[in-house]
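Chain IDs A, B, C and D follow the sequence of writing; residue 1 opens each chain.
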Amino acid sequence: MKHNYLARAVGLAAISAMTLGAGSALAKDAITIAVPSFLTGGAAGPFGIPAMNGAKMVADAINAGKLPAPYDSKGFGGATATIEAIDEGGGATKQVAEYRNLVEKRGVDAVVGYISSGNCQALAPIAEELKQFTIFATCGTPRIFEEAPRKYVFRTMGHATADNVAAAMYVKEKYPDLKGYTGINQNYAWGQDSWRDFDLTLKQIMPNSMASDKTQFPKIFAGQYGSEISAMSLDKADLIHTSFWGGDLEAFIFQGNARGLFKKKIGVFTVGGTAAYRLGKKLPDGLVLGARGPYGILVRDRDSALNQWFVNTYKNLYGTYPSGPAYQYGQAILAAKIAYDKAGSDASDEALGDALRGITFESFSTTVEMSLGGGHQAVTENGYGITKYDDENGENVVTDVKFYPGSCIMPPEGVNSVDWIKGGMKGAKC
Amino acid sequence: MLEDKTSKFVLFGGVLIILAGAFAPNWIVNQFMFGFSRALAIVGLMVLWRTGLVSFGHAFYFGLGAYAVAILDIQLGVTDVFLRLLAGALVAGLAGFLLGFILRNYRDIFFAMLNTAISMVLFGIVVKTESLGSTDGFAISMSTIFGLAPETKYPLFVIITSVGVIAALLVNYYLKTTYGRLTTAIRDNEIRVEYLGFSVAHAIHLKYTISTILAGGAGALMAMSLGQVDPESMINWTVSGELVFVTILSGPGNVIAPFIGSLVFEVLRTYAFELAPQAWQLIMGATFLTIIFFLPGGIWSLLEKLGGRKNGK
Amino acid sequence: METFLTILLDGLQFSSYLFIVSAGLTIIFGVMKILNVAHGSFYAWGAYTAAFFIGKFSDMGMPDAMGFLIIIAAAIVVGLILGFVIEQGILKYMYHRDEVLIVLATFGLFLVLEDIILIAFGTDPYFAYQPMALLDSVELGGIIRDVYGLTLIAVAALVALGCWYLLNKTKWGTLLKAVIYDREMGISMGINVPLVYTLTFIGGAILGGLGGAYIAPTISVAPGLGTEVIVLSFAVVVVGGMGSIAGAAIGSIIIGILRALAVHELPQVELFVVFAVMAVVLVFRPEGLFAPAKPRKI
Amino acid sequence: MGNNAPILEVRDLLKTFGAVVAAKDINVDISRGEVVGIIGANGAGKTCFVNMVTGYLAPTEGSIKFEGKELVGLETRKITHSGISRSFQVSQVFHSMTVAENLMISIAIANNTAFDALRLMDTPELRQQLDAVLARYKLEAHRDSTVSALAQGVRKLLDIAMAVVSRPRILLLDEPTSGISVEEKFDFMDIVMDALKEDGVTVLFVEHDMEIVARYVSRVLAFYQGEIIADMPPKKALSDKKVQEFVIGKEHHKRKK
């Protein structure tokens, strides 16, 4: 921790030196990227810290020119990037104030990050107002690009609709006789959207299964789910959908496991991937596990050079395999590099946006198409598997992994997710 | 009404800040907008504190003001800055006036706690109601001024500062009326006030209502300058604590104190957050304790001491 | 019937956890007239200390049953250290100040202690599932429950019994009651009030720590867990009557069961219901349902 | 209303706290301009009587009429408005404010109707009134002293001055000389009684000190166990047997400690 503070202090000194000298140079040789992520609170350990690790690792490699081809050029458009770690905790309003400071006081060149959908939803209009090039890394609510067209804001991974449509399809394939389902999701955009998409999709594709009338929406970061687990245990539904993540997810798995919840019910965890590496044997077998896309445990064995570099470097640096958030932040930093390489290190926010808009690029574990939301919202494949503890190696693995192409699980351009699902998912190419 | 030193200082200072704001970098303008928005609520809490009442739940009114702006924006598309401010202040003021009938009979810890309970009821409702934005809250569209959409934040800054000046002048005047003078008097001895022929309940009710109007206005202005409302940062009990914190930090000495205190708080928080993102609460808490222990009159008393020395007073 | 039993058990389990924490809060208030916001931090520190050492000892290969010892030790150590340091280092100098100002000081302390947790324990959540795993689970009312959660009810009952015994059957209790009833009277009776204050604060802190330490194995011990518990225990204490142990018990049961009922039947009002009860009690019976007797002072 | 009609008529007053009877069968008429001393041992019901007349305690039964108007059921401040004021045994003043501020607030409240309360308090007229009151109660020297720093006697004077600024027609003084030294008590009472006489105020005062009673009052009400056991001129009362036994004897005994 001490080290961390020292690094921050040095970083700050470097930034102030840079901002002082920045005015004259044309092509900048240094840029600052603010990377917000949960550094405090229950989401920090399982989500925020791996995300930050992923971002730093990729940025360092880019600065040193050590990424595998085709990204082996040095720097961001030649410039060395300093990563400013920002805490994402404290609620959307605090984040808005902090974002304004980042842009207007600290003068960062790009903002890359954000895990919480609440924060992204709040910040999208602010980023537009301040005309600040911003890449959302992980947050998942589809509303961001469906509510209004954006010019400066991008998201380099799929949104909640993809997670939940894919989850529903996987459920249909695996449990065709499902009678009823219920859910426990956090009471904010992410949880609400996740449940809505999952529920609507199942209504479309499995009209014979019934949704419970008592779905739970506990407060985010509540951490204690005794009564909710009881209520769901008594529920007739035989499947539980959850989009819990971070500390809430782990608490729910522990508490549910102790109560035998997952022996009686099928658990569908759309963001369960992070728990696979962290919980080890405490993760029950037989959960339907997603990682919000082709990341983390679902893609560990993909043998592209980029993926192998990512997995191995991360393992060497941090001692564990990279989970979803690490991939997602790494991917967002990579997108920033692509934008800078194309537009130049001194490019305006508009030029950076133009460079990223609508492109398709090869990321560490998958191909990313910036094809929705006017070229601002990424489309990727998405997959699920079933958890199993591998006694031999003493680690969790997923079996029966199945991926669905992006065009199958996300609406076509210009169509709102909810309308798309309600309308029978027209135009899906599976 | 404007002859006294404080009023002159407020007017002069307000004009100066508005002029300086035209040349200040954006982030400083932001700090002033946040600081002065919050200061409105602090002015009200200061009036209550002088009366011996500390509310640990004024985030209720702050939140009502902020959410009034949000709901008007989303439901009716109201973007006019004055309508929004008026709505926030009125909704909060009306709620405060009605609840005042109950709260005017409470003192000390009971007053603090009942306010907390009321604010947490609202928190519980908002957090769990999707149509009220639940945990996320709402983004708020840019405010317009008489139908014009300003290019920069400067006009809003001018309005917030002006509202602050007007509120400071009004409250300063109020504190010099008989009603207003009945602050320390009520804190010292309610029985005597009653025997002198004045209703303590009425006096407290008026003060409470004033404080809720100001808190509502503060919430509305804060919502507009931030562009976002959410229950965690607008209604939760920690926000009420924060408001009281700034009140103590400012000191009860003068209506100018809340404005200085709020600015100090804003800057302190910005830097604490920037330099020690994992220990900023520690810095705030320690500052708070230091103030309570060593500077019970708040920042204002410190300024007074410094100024007093100069004036030879 | 199943639902009824489940709600009752869920409610009692939640009540028990609330009671252990609130008992400490209410004792401190009763004796010292301090509404201690930092009580939430005692809870958090108890939880962290227990979870940390349960994990450590388990890693060292100690038997899981050690967990129970660690829970008790964590509560006592946290209560002793934090209670002593805060009472002697800060509160002692504030007794002549306004009641509400002391609340604010404890709020400042709360902020400080929250971040010291971050610095001391880091941001990773801790899991101390071992004691819970050890006790296994039973089927009750058609659903599976962990036995550990049920023992929480027993612990709460023990705490209640202990407090009752201490207050009503020991000499100490008589002294304490004298101070609760009237501080001046206590002094004139020759009671060493400063000592009573210190011990009370430590005792209350231990209960706060115990609440956290005992619940730790059933939750993810993560930053920020003190924030919610403190307003919940405020609600309990206000509903029951500030300063009354019996009140804290009744308040816990009312709030615990209402909340469980809400989660089962109308999940949307789960948070609202707690504070609505608190507000209603304050409006109609500001002294709480079980207010301790007060001396008449003209 | 004729000037001869009693200014205060008390009929069948009863006050109980549970089983404790604090006042019983109290029937008294007070005439305009009288100075009445109320004597009795501790707990005899004197302060209770004052509290009931001024609306601080509601009687269990009975009626109190002031200038023909029923007072029972009115709040203290309404009774103050109608023209009855009181001072307190333990002075009830604003201890963190100065003497001038204490009096200014009192005068402002006395001057104001409801809406005036939203006008500036500190006006030249008010200052004039303040100076007059300060002079009349010989408080000029303490004008800007904070009350908590003042001697007991000065506080008592202030307490009484604050009660009088509303120009009451009846003033009830609750033990005005308690806490004042033997040497000062007559000076003190002279200041007070001279000031009151100028305004023609009817005065009722509770007093333990029989020297004071003998010197200043025209009529004595002696209380014992909540009842009035004697209502007569002071000379007669002080030599009355019952009064001697139930009031003064005990009183002397008490005073020695």
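Note that contacts are C-beta pairs under 8 Å (C-beta built on N, C-alpha and C of every residue); 3 or more make two chains touch, one makes a residue touch a chain.
Owing to the predicted nature of the structure, the values given are computational and were not obtained by experimental measurement.
Q: With contacts defined as at the top, give the pair, A-C or A-B, that has more of them.
A: So, comparing the two chain pairs, more contacts are at A-C.
Q: So which chain is farthest from chain A, going by the mean of the CA atoms in each chain?
A: Between chain A and the rest, the longest centre separation is with D.
Q: If you average the Cα atoms of chain A and of chain B to get two centres, how far apart are those centres in Å?
A: Averaging C-alpha atoms per chain gives centres 38 Å apart.
Q: Chain A to chain D: how many Å between their CA centres?
A: Distance between chain centres: 77 Å.
Q: Measure off the straight-line distance from the CA centroid of chain B to the CA centroid of chain C, and report it in whole Å.
A: Each chain's C-alpha centroid was found; their separation is 33 Å.
Q: Which positions in chain A touch two or more other chains at once?
A: Where chain A meets two or more other chains at a single residue, that happens at 39-40, 217, 219.
Q: Would you please write down the residue numbers of chain B that are in contact with two or more other chains?
A: Within chain B, residues 127-128, 278 contact more than one other chain.
Q: Among the residues of chain D, which ones contact at least 2 other chains?
A: Residues of chain D touching two or more partner chains: there are none.
Q: Could you tell me which shape the graph of touching chains takes: line, ring, star, complete or other?
A: Graph shape here is other: it fits none of the named patterns.
Q: Of all possible chain pairs, which ones touch?
A: Per the contact definition above, the touching pairs are A-B, A-C, B-C, B-D.
Q: Touching residues of chain B toward chain A in the complex: what are they?
A: 25-27, 30, 34, 127-128, 130, 134-137, 139, 141-142, 226-230, 232-234, 270, 273-278
Q: Where on chain D is chain B touching in the complex?
A: Listed in rising order, the residues of chain D that touch chain B are 54, 56, 75-77, 80-81, 85-86, 92-97, 101, 104-106, 108-110, 112, 116-122, 162-163, 166.
Q: List the residues on chain B that touch chain D in their complex, please.
A: Against chain D, chain B makes touches at 1, 173-174, 176-182, 184-185, 187-189, 191-199.
Q: Looking at the complex, which residues from chain C come into contact with chain B?
A: 35, 37, 90, 93-94, 98-101, 103-105, 107-116, 118-119, 123, 227, 231, 234-235, 238, 242, 267-276, 278-279, 282-283, 286
Q: State the interface residues of chain C toward chain A in the complex, per the touch definition above.
A: Touching chain A from chain C are residues 2-3, 6-7, 9-11, 13-14, 118-119, 122-125, 127, 129, 132-133, 137, 142-146, 148-149, 215, 218-220, 222-225, 228, 259-260, 263-265, 267-268, 270-271.
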